[in-house]
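Each of the next two complexes has chain A plus one other chain: chain B in the first, chain C in the second.
Up next is the complex of A and B:
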């Protein structure tokens, strides 16, 4: 090949390689930026006075005096709204029956939105569900509700060939000529004074339990469940994996049995995680009954089986990469095989073993399928360390899926979903980062 | 081969096993105290890798407290023989031996021989310096600790004594807690010698200990061998014939698995009995 062609080939390969890396980085950016910004929104947002009321009453966070002052400040505006609603209720009594029926249905949706915004309307019975006991806690949600209040959403279905088109009609038009018409501009004008939004740093999102199935509160139960499951899996899989790797590299003879074991191990690494989930249910819960039903223990064991092949492989590689000369030196000094493994080979292989272990830990933290049947519940209380043998737990990976797809108010709590995703990614990233740091430290110590 | 340290004919298979062995000692001025007894005796000793006979029916004694060099072209079996002495070849699954190799009246490959105890008496230094990735102190203390020495004071003494014997003490005494991999190649190799000496072996096997070192470090190792001569039985495999002639009292010449000639070094280098030996030491092949 002449030198010109070679140079062109070299350059074009560089260009192709660089492009693919850039595309990958771009894709990563496209995925990560919304997750991070959405997730940050769960912690850092404009919180309304309702958020502060909730915090004080349910978690005892915040300053009671300041809150009382703010309540006193916002109350007159709220009273005005309720007064208008009461006045309209009185007016409604004077309407003729058909008109009355029509308007009472219209006003009830107005009342719904108002109570959604400001909390329960006085005089109504105290709601049972916590989600109805408070108004909107986040200002951007309040703005959405305000839009719902100001406009009625209608669908244009006149053309049967096409999908219906959405359009908005000002709600004030529906009440034209009644006393309630004044309510709409009043709320639009004064909503901020009723809700008093402030920039809020809600650290409790990470440290507090959830309230009313994640409508309010934080995700501590999920974070804790994830940590329990991942660490539990590690407690089983790490020692077993390292011992298996020692067996493979130092003790196993090269025969049919060993090669069957090796290929079984590789196959196990490729089994889809849902299969492990079903196996965990069938074996740990139904057959050997480690617990009566789902439990952290059963989930940890299932995850352990899933990550075991990875740990074995990583440890095997690490042990094989220890120079043969270390072993010779130790054996030559009159050390036994076992002593050589413990005092020379394992310490030298430790960085690789730890890296494999922590990557597996990250994987165990992120897996959903193995814990669906063995450990995870969608809504659960924070469990103590003493309950891990018998109790199931919520976990980030499973609850992200659950909140996004099965929660009755999935659209209302997008910020919680993003927050959970961010928490999960952060946990995995932190684990990997600590792996890198630990590895670097041990390598440095080994190199001198 | 009939006699130790005597020129032998190239046709080894013709030798009669069990014949009495005559011991040739060096001239009076080169003799060492209490030396010259057969420390290792190979009788009809062969080493195989699978079907391949790497070392063929060796008949030889290695004499105590003297330095015996083992020379020969690559692949002649000299390293295999050396590593067989403290059973390092056990690490190679396909390797086995026949005949006998006696060490202090005990068969090295005997059924009840504890190879771990054996290796404590027969220490080895390898071709490439192979300190553990631990501190200098921990490297030296590794062997004594294996034998159950725990007291810091005793370990300190052993470490200092071993490092002094290996002529390394002055260079490293201020950084015993530093990682041994930070030493130069020559220092590392002397550290490996010190580490082996710390176990207090009777025999020291050196497997091309200077092949990875520069001339200056090589000279230091050679001086060290000179120092240790008379205290330990030393067998050294080397590619370097000048080195063999400089440091050894006896020389074994291996060729294609046969022990072709075994004689006092001076005799072997000045007046080889065998044509192959002569060809090799004069550099006609290597």
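Up next is the complex of A and C:
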């Protein structure tokens, strides 16, 4: 082969390698960046006056006087809208029956959007569900609703070969010649004055309970559930993993029995996470009945056996990386083996062991499949520390799935889902980052 | 003698070991080691328990319905009376996304591992490693959310252009490289020893034109594709490959590192380039470790639940044609996760037990995969140590 071609091959080989690394970094960015930017939107957004009303009434946050003043400020514009609707209702009575029927269905969809924007229309019965008691709390959602109000979405399916195409018809055309035609330009012009959007920093998203199945409010219940489950799993798995690692590194003889134990460890590490869920259901709940049904305890136990192999491996590695001279010095001074382990080896290996523990904690916090059947519920309030033995809990990982795939208004509450994913990723990545930093410090220390 | 020490017991016994104390120490040591052993064997007990308890709930299904229907039928209607439990399409779906993700993750992962172990300087490697760890640390449900909420609409609305650009960016450089190499080989085959630059350039140019036409034609075909649903096997395979990558990269990198300097230096001394050294010397020596890495990565993709549950479309049928990655599929893991909620109330029914049968199937796959990869790693370590 020509030298030039060989050179090209060599260069492109390097290029392929570098590209694959870059692609991985890119994949990380592509996944993380939209989630972070979407998640920040759950906390930092343009909140409308409805958001402030909700906060004051449901959580007692905010300044009542300022809010009252703003309500007074926005009220005239709202009254004008309602007056127009009333006027049209009166006008509707004068129409002939077919025309009346046609317009009353059209106006009712207008009314729906208006009450979605501004909250319940006065004179109508007070809605029971909280989601209908307030208007749109976020300005970008209000703009979407405004678009729905201004335009009717239609589908062009004239060409059967292709997928239907979306197009919009101005809604005002439907009401041409009636008194309601004036409503549309009026709302378009004055929506900002009716809703008074301002930049809002909604810290409560992380610390408040959710209202009406996450339509409003925060995600504290989920965060707390995740913490309970992950910490509970650590309480079981960490001591056990460290003890097992001590056995493997200091006591185990190289024989068949030990190698079986080691293969068991790697088998356990490879078991699919959903199978852990099945096992947790079949064993912890149906067989030994740690609780009557799903509970934090059962979930923690299931997660604990899932992260056990990781902890054992990390602890083994940490113990093996303690220099032999430490051990020899301690034995030479006359201490027993056990004393050497407890007073010399473990303290020296501790940072490494903790690193492994932190990574496992992150894994336990992020896993979903093992807790589906053992601990997670989709809606629920925060539970107290005393209830962990018996009651299930909402958890971030499970509720992200639930809100994104099964919630009746999944498209309406994308910001909540993004916020939850961001909260979960932050917990997990912060844990991992601290583990990475800790490990960097250890390797520096070992180098001297 | 210990007896003598016992007789002289009036002295301070700090330096004297009495028989009783010796016994106590021995018992303590025995108990202590026993305790450690008990904890250490706990893992093995758990593994046995997992197999036992999953199997115990899986066996009633096979007793009630036999094996034939589960493995050969594609009609999956567990909620009907009487239910139908043909899982072939579901098993096929699992295989499909596993293979799809392996097709993406294996080449990418191995070249990334080579890059980490042989190409990048140490200082850069230190920054690349955390990227891989972060990729591994992101929870599966976050990947699933990304696949469902961001990637699926993108594929559905701009599927054709995305496929075309992916084709151009990925296949383009490779095809052009192939052209250069093939031109060179052809020239030396035709011209014999007297390699002439003119001949090579002519061959390369002709092949280049053909290649560009080919690239353009495939790109145009891909551009015209309309993806009916964004929650499909392609979407899931792509995301699963992200999740399998960290395992593949780190395990293959370990085995590439284990090959040692001597082989590499020997190859360089014979005049090989870095690419030739790696492809002809290092990779064969590390091949078994890389196979182990691939198996572990595939197992990760096969056992993954949340991504496939959220973004595979969950429709239990074999795509038409069977390699159509743009169709929705359903996998074993997603079926277990999705159906247990309804089957849970009817504990004891075939509908409940069939999910454990699926779990058992997954468990057996993962056990076999793990066993093989572990054997391979042990053997490689022995061979490398023996040399």
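Assume the second predicted complex is superposed on the first by the 413 of 448 C-alpha atoms of A that agree within 3 Å, B and C clash if a C-alpha of one lies under 4 Å from a C-alpha of the other, contacts with A are read in each partner's own complex, and residues count from 1 in each chain.
Methods note: contacts are C-beta pairs under 8 Å (C-beta built on N, C-alpha and C of every residue); 3 or more make two chains touch, one makes a residue touch a chain.
Treat the numbers as computed from the prediction; the structure is a model and nothing was measured.
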Partners on chain A (chain B, chain C) - clash or fit: fit
First, second, both or neither for A:329, with chain B first and chain C second: first
Partner chain in contact with A:376 - chain B first, chain C second, else both or neither: neither
Partner chain(s) touched by A:344 [first = chain B, second = chain C, both, neither]: first
Partner chain(s) touched by A:213 [first = chain B, second = chain C, both, neither]: neither
Arrangement angle, chain B at one end, chain C at the other, chain A at the vertex (C-alpha, nearest 10°): 60
First (chain B), second (chain C), both or neither touched by A:436: second
Which of chain B and chain C A:417 touches, first, second, both or neither: second
Partner chain in contact with A:237 - chain B first, chain C second, else both or neither: neither
Most chain A residues touched (candidates chain B, chain C): C
Touching partner for A:84 - first (chain B), second (chain C), both, neither: neither
Chain C versus chain B - closest C-alpha approach in the superposed model, Å: 6
Sites on chain A touched by chain B in the complex: 253-254, 323, 325-336, 339, 343-344, 347-348, 445-448
Parts of chain B lying in touch with chain A, wherever the complex brings them together: 86, 88, 91, 93, 116-120, 123-124, 126, 128, 130-134, 142-143, 146-147, 178-182, 192, 195-196, 199
Touch list for chain A against partner chain C, complex: 1-2, 5-10, 12-21, 23-25, 27-28, 31-32, 34-35, 162-163, 240, 243-244, 246-248, 251-252, 260-261, 263-279, 281-283, 286-287, 305, 308-309, 312, 338, 359, 362-363, 365-369, 372-373, 397-398, 400-401, 404-405, 414, 417, 421, 424-425, 428-429, 432, 436
Chain A-touching residues of chain C, taken from the complex the two chains share: 29, 32-33, 35-37, 39-44, 46-47, 49-50, 53-54, 56-57, 107-109, 111-112, 114-116, 118-120, 128, 130-135, 137-146, 148-150, 173, 177, 180-181, 184-185, 187-188, 195, 200, 226, 228, 242, 245, 249, 273-276, 278-279, 296, 299, 302-306, 309-310, 333, 336-337, 340, 344, 347, 355-356, 359, 362-363, 366-367, 369-371, 374
